[in-house]
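Working notes, structure below.
Note that the chains take the letters A, B and C in the order they are written out, and that residue 1 is the start of every chain.
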């Protein structure tokens, strides 16, 4: 098994690196060629009013913002090999450091949200498939419809309105104990519940109509064993795929949710950096996010190899 | 709740282990009611081996599903099935679980009855002890290996996944799973589909060997395979239209359909029966074979003939 | 008698429609969407007030006869702003999806038809955009080119064409395989016509289904980005930015937040219902085979 995985990685990593590199180039070019002078924006932010021309020129010089594109890009990428992603124009701290400091908060939120989505989505999805047209199926249907129609930001605000303001049960802001995590998790994860519920129900229904399920019953297995040991295990491949895709949506969603709940993660920092055109941060964060995304996708593919023995590391399937 | 007596003493007695009376299995679909089994009557004696032959789509596989009570939700069943003299049609699921695998075993038709993601040994061990049993893991493992050996498979097969084994080997795995708990009645659903002549022959020999001491209901469309059994019943449009000993059916068929079936064998000339098998939604009136029968008369169109015998008989106006 | 989990032969219906037993759901969705369309084209007919008229004497009024949904912190009628907001949302969402479909179809056709390096390049770009959380890129693009609805549409369109390109390319590859044997000598101008005749019927249904569902998704993205301040700028009435403006007054005047949100939900649910219904009508098995 280890051999297969190394083989698999050896094939995937070059592509992954290429993808990340292209992503960084893309991000950097867009940022570089975008209109708007970061110097002006940032100085205005810091000092409160429009900066003088001299201050702007000084800022540009200090931060080497007047050097041609290729040179800036090469400086930046060579910096990469030394583990540096430049410095934030706003805070003056290394971009990498800003990222690392805030990354755990986002990870906690994202993992919490996906766990929430999986717990609810899987359980209701399996039950719906096993008892179609039952009340729980209708309930699941309702949740699925709502989940894909309710905007996460509105849900977040609604939760705050009900639970923080009116019921005073949970805090609406900040980062601390579990009670701070609950509302953001629900707001962020609810959309994912819908997708996971649907794919679980669909693939479970498919699995339950397979011949090996019939054979399992014919052998004398009871329903619970058949559903778990045969149907669910086989249905899990599409579910894993979908969960992997969800992670992308999650990363995007964290920006909004972190903003609403004052959650100190990379999303909210990225947003404020975008507003102030702090492009070392933007470029660096975009690159790092792409990197994480690619790594997660590779991990998901490795999980496939464990689940489905027919899948060859090259990406082709047997029989 | 009627308890199902566990009767494993096999004697070639005249006590039927399986009695089917007026069995009807109908599927309610949006295109109409599909009458897959439509008035099936037969008895299978203890230790007897009977083959049910017929064209594809005549309801043979549905019979196995009905006996095991593993039909989809849109199926309606009426009639009676008695296993070891207990009615099993309306039993609870718990009671059926006590039967499946343990007293009535199934050899399924399709190779996709093997879970592609599970290693072979797991699936065979599952057949030996489905769930909630008390046997030791080592015991089960040992039994599994013995079982595989008994159907002619070597030990390494147990570690493989189904896609890593040939079709013939997977067939044997399915056979081994059917007899894993030593059931008194074995239902074999088209066990030779898709096998070449040599493999078919080997499979038939294997089936012969493993059914020396149990009752067998063999469902097949292949007459050569049916030869394995002492008794053959011919099914058409959901009912039995001829029944008798294997020699009688093969050498001296009475019903025109049976004659047609024999004649369609490659070794006997391979002439096909005119017309198409009847739709199970719109069953012809009177004798269900009359639209395709060269001997059809007015009577055949109107009156549904009866089977004129217990152990042997034919359902035909023209030949009784 | 209780039947266990076991769905052989059983018709499998997709989630939404049959489970609730409603084909009235589809009818309701159509009515809502037609209503929305009318609102978008003739907002003046439906609105009761001018959406931008500030009336500081009537700030944060509760919903009532005069103002159906109440007023916001500038005294503007929420109902009328919602009506005008419908036009904004529909226009932007439909634009994004339309551009996505057109560009995606074009690139998918080119990739599938020419194959080779062109195919590889296009698919690498597709992979690139899939290797990236779309929202993050949209935020980066929009934030830098300046917040405006136009830029949102542009930024989202850049990422939206990807799934359509994949579908079209899949169909083209399928068709190529089929016709290749008998049409090997047909390479040339005539081929283009034949392929277009073969591809379009296979492609219409899944694209239509996906596009309808996508409009709902686009609305969620657009309102989300506007909520962050990257889209519609004040005083433009837009559902997302209306919700953002309501945060400070949520406690005392929840109507400022609730109503725009409900409109988003109802609109998106309607598109989703319709999209699922279309998906069910077109062959679902075929759709799976086409999405390569």
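Everything that follows uses one rule, which is that a residue touches a chain if its C-beta (ideal position, glycine included) is under 8 Å from a C-beta of that chain, and two chains touch if they have at least 3 such contacts.
As the structure is a computational prediction, the values presented were derived from the model and not from experiment.
Apart from chain C, which is left out here, the chains connect through touching into one piece.
When every chain is reduced to the mean of its CA atoms, the largest separation from chain C belongs to B.
Chain A and chain C have CA centres that are 21 Å apart. The mean-CA centres of chain B and chain C are about 53 angstrom from one another, to the nearest whole unit.
Counting partner chains per residue, chain A shows two or more touched chains at residues 214, 217, 223. Each of the following residues of chain B touches two or more other chains: 70, 93.
Across the assembly, chain C contributes residues 4, 6-8, 10 that each touch 2 or more other chains.
Listing the residues of chain A that touch chain B in their complex gives 210-212, 214-223, 225, 229-230, 233-234, 307-310, 318-319. Every residue of chain A that touches chain C in the complex is listed here, in rising order: 19-20, 22-23, 26-27, 30-31, 34-36, 129-133, 137-138, 140-142, 144-146, 148-154, 157-158, 160-161, 165, 198, 201-202, 205-206, 208-209, 213-214, 217, 223, 226-227, 231, 248-249, 251-253, 255-256, 259, 270-271, 274-275, 277, 279, 282, 286, 289-290, 293-294, 297.
Put simply, chain C touches chain A in their complex at residues 4-8, 10, 12, 14-16, 19-20, 124, 127-128, 131-137, 139-141, 143-146, 216, 220, 223-224, 227-229, 240, 243, 246-247, 250-251, 254, 257-258, 261, 264-265, 268-269, 272-273. Within the complex formed with chain A, the chain B residues making contact are 68, 70, 93, 97-102, 106, 108, 110, 112-118, 126-127, 130-132, 161, 163, 174, 177, 180-181.
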